[in-house]
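Should a chain be cited, it is by its letter among A, B, C, D, E and F, assigned in written order, with residues numbered from 1 in that chain.
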Amino acid sequence: MTYRVTVRDHMMVAHSLPGEVFGPAQRLHGATYVVDATFRATDVDADGIVVDIGRATEELKAVLADLTYRNLDDHDELAGVVTTTEVLARLVADRLAERAHAGRLGRPAEGLDGIEVTLRESHVAWASYERRL
Amino acid sequence: MTYRVTVRDHMMVAHSLPGEVFGPAQRLHGATYVVDATFRATDVDADGIVVDIGRATEELKAVLADLTYRNLDDHDELAGVVTTTEVLARLVADRLAERAHAGRLGRPAEGLDGIEVTLRESHVAWASYERRL
Amino acid sequence: MTYRVTVRDHMMVAHSLPGEVFGPAQRLHGATYVVDATFRATDVDADGIVVDIGRATEELKAVLADLTYRNLDDHDELAGVVTTTEVLARLVADRLAERAHAGRLGRPAEGLDGIEVTLRESHVAWASYERRL
Amino acid sequence: MTYRVTVRDHMMVAHSLPGEVFGPAQRLHGATYVVDATFRATDVDADGIVVDIGRATEELKAVLADLTYRNLDDHDELAGVVTTTEVLARLVADRLAERAHAGRLGRPAEGLDGIEVTLRESHVAWASYERRL
Amino acid sequence: MTYRVTVRDHMMVAHSLPGEVFGPAQRLHGATYVVDATFRATDVDADGIVVDIGRATEELKAVLADLTYRNLDDHDELAGVVTTTEVLARLVADRLAERAHAGRLGRPAEGLDGIEVTLRESHVAWASYERRL
Amino acid sequence: MTYRVTVRDHMMVAHSLPGEVFGPAQRLHGATYVVDATFRATDVDADGIVVDIGRATEELKAVLADLTYRNLDDHDELAGVVTTTEVLARLVADRLAERAHAGRLGRPAEGLDGIEVTLRESHVAWASYERRL
């Protein structure tokens, strides 16, 4: 038995992807990432929820606030990081996990089993990262 | 190896959610839930299907018929139940499982491994429940 | 030549629809309306925009705040109003028009030609109302 | 009587938007624009079509090829242009119109009445530009 | 002032498209058309609706029932017709118009101004036909 | 920890489904399948990716090229195969797996854990097949 709750938001960033494999994406360009954050639990809590959708939405917004309307190539904490969709999905998931462990989702992180974050970069491509909590 | 088949329908309900965590949703309000029911199997049957999409659609419609166009706060079988999206996803999944075990999906329930039900409450939030059969 | 800008939000309401034509929707039930508000202009302003997407989003949220998480049957300003999707689309459009005329969209309403509001009540049905400004 | 045909593609760009009204979007950031190009005609041609969907798709791709995977702030032909979603929608529409007049859509431009281009910048905001041919 | 109501259904057909312009689509192939039927009126009726969504859904289903799960190349009434998406959109719109004039939408056709039918053939291409009533 | 990358394309086929369970779909009809191919890995490679989205898109297009704009009932390699959505999902997944093992995705297949292919046949039904690599 698994319950999941997902909330959606988005971010709009510039970046470039160094490496021949990226072809034209080696140039400075940009992306809107529509971001889905999924929280997974074996059971709901006493209120009948996995997490409070309102708080999950706020925490996701807070995580994205540090990234959106930025050129990721100039982001101090991303120096040397190749910001592919996969890597950014992990970054968002890891930061949400920190917030879960800090108790900011309302429910203690022990009650949650995992987080999955999906970044949709267009109508024809997306990537996700799934981890334990 | 896993095969999955999903059918979609919807229901439109009123309800209120008792508990401080729900904020304004403590008031009587409502929701359209777009409902995706997914059936999972290790293999397809002799006809090359997980379940008959037509029958799956009918059974999902039958399950939702008991809930849609209702105030769930006044639903006899839901007395005392906090009808969060998560809880309703489980309710729909459990009722579909009963119907699978009663043979109403055509394929014997033994041929199916599990059911997952997702309720989309808006373009930015959804919840699901996954169980074995 | 016509430019249009659209922003999306949603509201979750309970209501009942009196009148035989509504069948089961005569009972108290509910809906999520995903709301698209479109602003139309013959030309963009000096900043190259129809309206500021940020302000349009805030004004739409303000209009919906009065309706969401409510039982519309008990809403003082809607006494005697049959709150069909069409009627609610007009209500939202008219309230946005008032805000446009009050200068709350940034751009003077004289620069805008019209507003269209679409309410999506499910994945298979929606309604809209289009008016001049 | 009006017929319309629409084809979809996308582009991924970096840019900045000078002007106080743009708030954080004054910084260098980026966007995926999912682009819908609609061709409008009073009647279909002898083959029963408004335009050949295959050629419309190719021409849209050709127009977007000049913009995608670029920092629009450094694009020679866009010097001094504020590249809002509205302005980019017009740019794409005007370039498609040139191609229509050059006969590259197969059907002579005289057979077409107009073009509308919509740029979706996220799941909650989009803009369009509609013009005659 | 314009009100619009849209209902969605789908049909699954085989067909071939004679004519060099169609390239590989000259071969027998097929399509799912997700069909949106929009009814337009200057005002709502006494019940606050453009048309009864339930009846509009039934009439659309009835129109599509004659086409779905068929090879359109063998359809008696389509002999000699090139069944492009545009032509099929008109066919569905015209048949809905007949039903509107026959009073099957509940509201007299005189109360309605027009019908638009959109056929989505994939996630990247669609066509529509709009007519008066 | 699991990373996933998905790319989307589509195919348009005619076919018939022999067997009483298929009802009207026993007749020759057709479908657009919007196809999502998901590649799964425990970790990203040195470039920070699961697979190159560009190459994944090309390989998916190559696999679908053999099926699209065809009557699958006459496809030599599908003689005797009941081409349900489930079976076609497996066919596409297996062919992508062959290409992965042939090194055509850029990344060696050993770096990938699995493939999942989803075929959406309408807005209300889809099927998928998931396998190891």
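Quick note on the criterion: contacts are C-beta pairs under 8 Å (C-beta built on N, C-alpha and C of every residue); 3 or more make two chains touch, one makes a residue touch a chain.
Keep in mind it's a predicted model, so treat the numbers as computed, not measured.
K.L.:
Among E-F, B-C or A-B, whose interface repeats C-D's (more than half the contact pairs identical)?
P.N.:
Repeat interface, by the over-half criterion: A-B.
K.L.:
Report same or different for the subunit A and subunit F interface, where same means the shared residue numbers exceed half of all residue numbers found there.
P.N.:
Both copies, subunit A as well as subunit F, present different residues to each other, with under half of the numbers appearing on both sides.
K.L.:
Could you report, rounded to a multiple of 5°, the rotation needed to superpose subunit A's C-alpha atoms on subunit B?
P.N.:
The best-fit rotation has an angle of 120 degrees.
K.L.:
Based on CA centres, what chain would you say lies at the far end from subunit C?
P.N.:
The most distant chain relative to subunit C turns out to be F.
K.L.:
How many angstrom between the C-alpha centroids of subunit E and subunit B?
P.N.:
Those two chain centres are 31 Å apart.
K.L.:
How many angstrom between the C-alpha centroids of subunit D and subunit B?
P.N.:
It comes to 41 Å between the two C-alpha centres.
K.L.:
Quick check: how many Å separate the C-alpha centres of subunit D and subunit E?
P.N.:
27
K.L.:
Going through subunit C residue by residue, note those that touch at least 2 other chains and give them in order.
P.N.:
In subunit C, the residues touching two or more other chains are 8, 123-124.
K.L.:
Can you list the subunit D residues touching subunit A in their complex?
P.N.:
It comes out as residues 8, 10, 12-15, 24-25, 27-34, 68-71, 121-124.
K.L.:
Can you list the residues on subunit E that touch subunit D in the complex?
P.N.:
19, 21-23, 81-87, 89-90, 123-132
K.L.:
Given the complex with subunit A, which residues does subunit F contribute to the contact?
P.N.:
For subunit F paired with subunit A, touching residues are 1-9, 44, 47-50, 52-54, 57, 106.
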